[in-house]
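Presented sequentially are two complexes of subunit A, the first with subunit B as partner and the second with subunit C.
Up next, the complex of A and B:
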């Protein structure tokens, strides 16, 4: 009985002060942009465990990986997230692309099959998210239709979005092009590999959470 | 010299072989205007599977675009030789237009489904890449 009252009062207080516990945070974007690398930094920092494996071969994440109750503390404030790292969304999957990474034909075909199913799963999970982090590769042209479609869909569902321009440690990286492509959204440049600007990311994440 | 000429001829004949059978299919807005999402996507994918590059007058709604990706992936999973699609939208630039022109275009877009735009969708086996930036669009054939 006490537990029920406690949970009820917590829910009422949270709704009164606009605070939401266990925010469902989805990591979306094209393949190989660094979604898992960034999600791994958060999960490792706050739970001690990574969420998934990282590889140079595209479509390493082929099913949605979830980490429950990730409590993040930033500047004295605490927020709890349910983190969902999703497979990269693409309009084409060709197993022959994987052969370039010295993968055997059978394994490449299996990877391609799993990747197509992963994309469908990613899209299905979109509805269930409270806020979205779109991770883009800052060395790539951001004007691809997949990026525009993903961001457009999130906007249509009125979910708060934060855009991450990853790989700023690379010479070719251009955060300004990403800012120009998506002027309605906050863009934070980071390097998940070199752990650069991660503090700025947390700052932006807490700002994003206020919109949930 | 003759060797060079032969190589050039060989190159040009192989590139013409690659584009042989390439078909463009233009879909006027009026043709898909009253179709449901399912039928619209079905129509586009049917043409794509027939190795056609589809030029659609107007643009798909955001939910239709994501549905197109979902259905494409389901087909890649089931049809052996199908690898997916390349997709791009060209919209008329309104950056230099006045507020009234932008408003008029905005209202027209809502009413008509943005018929000023063009959507290009091609099978990934034919269209290798669609490079897009705000000022130009390049369609690279495989």
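Up next, the complex of A and C:
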């Protein structure tokens, strides 16, 4: 009975303050930036299960992976998310790039086809998302066509955006360059691999959720 | 709008029913969309043939059907180089700005078992934001 009253009052309060409870959170960005690594940390922390596999070979995630009802608690506040980890968006996919990773030609061509399919799928899913986490590799030049197009198009759809500058554990990483490239967005530097600054990420995620 | 058959390179100058019924020369239902400028270029140079082997064309058609998720072999497909360009099997160029700006679906169902895959840039709207 108490549970029913609690759930009812939560729904009433949420509707009063216009807050959505099951926030559809999409992870977008170029391949190998660490979208799945970060999504895995969240899913593992709060559901005990990972969302997808991670690899050094680009385009490891080739279809949208979804984790429903991920309840995150941060500083006494709770929010529920539907997490969608999307395939990396690229403008060029060439199977020969995969051959360097000792992949057979046939498998590489299949991967290229699936990656292309994945990009179209990622873009289609965008409309359904409430908020977007754009994960960028902080060791790479942020002014790439993919980054500018992805961030620009998400902004055009008026979705709240948080930019994650991943791989800050690496010497080449430069969060400031990313901040300079996207001055109108909050940028949080993290290392998904070393689990560095994850608390700052959660803090920013809760701030982002208020904009939904 | 002009189309070119991927398999035999025959050019159709307008919205010919060949797209739905199949190429009048080879029966294929796999076409490239041609812009009017491209059509003029082809006409003036006299070079109509595509620089792909028939095995590559077959593979590209199979891949494109897979990518857009159309299983029916006789469903017509019109490819547009402005959104997804297949250079060779396993080599793709994507215009993500164009893909982001499409409000219409990629696959239209015409009737049972008949679909048309729209990767056509002619409907490209004014680009926003970028």
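Assume the second predicted complex is superposed on the first by the 199 of 212 C-alpha atoms of A that agree within 3 Å, B and C clash if a C-alpha of one lies under 4 Å from a C-alpha of the other, contacts with A are read in each partner's own complex, and residues count from 1 in each chain.
Note that in this section a contact is a pair of C-beta atoms (placed from the backbone, for glycine too) under 8 Å apart; a residue touches a chain by one contact, two chains touch by 3 or more.
Predicted model, so just to flag it, every value in this text is computed and none were measured.
A.B. asks: So, on subunit A, is it clash or fit between subunit B and subunit C?
C.D. replies: clash
A.B. asks: Per the contact definition in the header, classify A:109: touching subunit B only (first), subunit C only (second), both, or neither.
C.D. replies: second
A.B. asks: Figure out whether A:144 sits in contact with subunit B (first) or subunit C (second), or with both, or with neither.
C.D. replies: In the superposition, A:144 touches subunit B alone.
A.B. asks: On subunit A, which stretch or stretches are contacted by subunit B in one complex as well as by subunit C in the other?
C.D. replies: 89-94, 112-113, 116-117, 119-120, 123, 126, 146, 148-150, 152-153, 155-156
A.B. asks: Mind pulling up the subunit A residues that touch subunit B in the complex?
C.D. replies: 89-94, 112-113, 116-117, 119-120, 123, 126, 141, 143-146, 148-150, 152-153, 155-156
A.B. asks: Contact residues on subunit A for subunit C in the complex?
C.D. replies: Residue list for subunit A touching subunit C: 89-96, 108-109, 112-113, 116-117, 119-120, 123-124, 126, 146, 148-150, 152-153, 155-156.
A.B. asks: What part of subunit B is in contact with subunit A in the complex they form?
C.D. replies: The touching residues are 62-63, 65-66, 69-70, 72-74, 76-77, 83-89, 124, 130-134.
A.B. asks: Taking the complex as given, what residues does subunit C use to touch subunit A?
C.D. replies: Touch list, subunit C to subunit A: 63, 66-69, 84, 89-97, 99-101, 106, 128-130.
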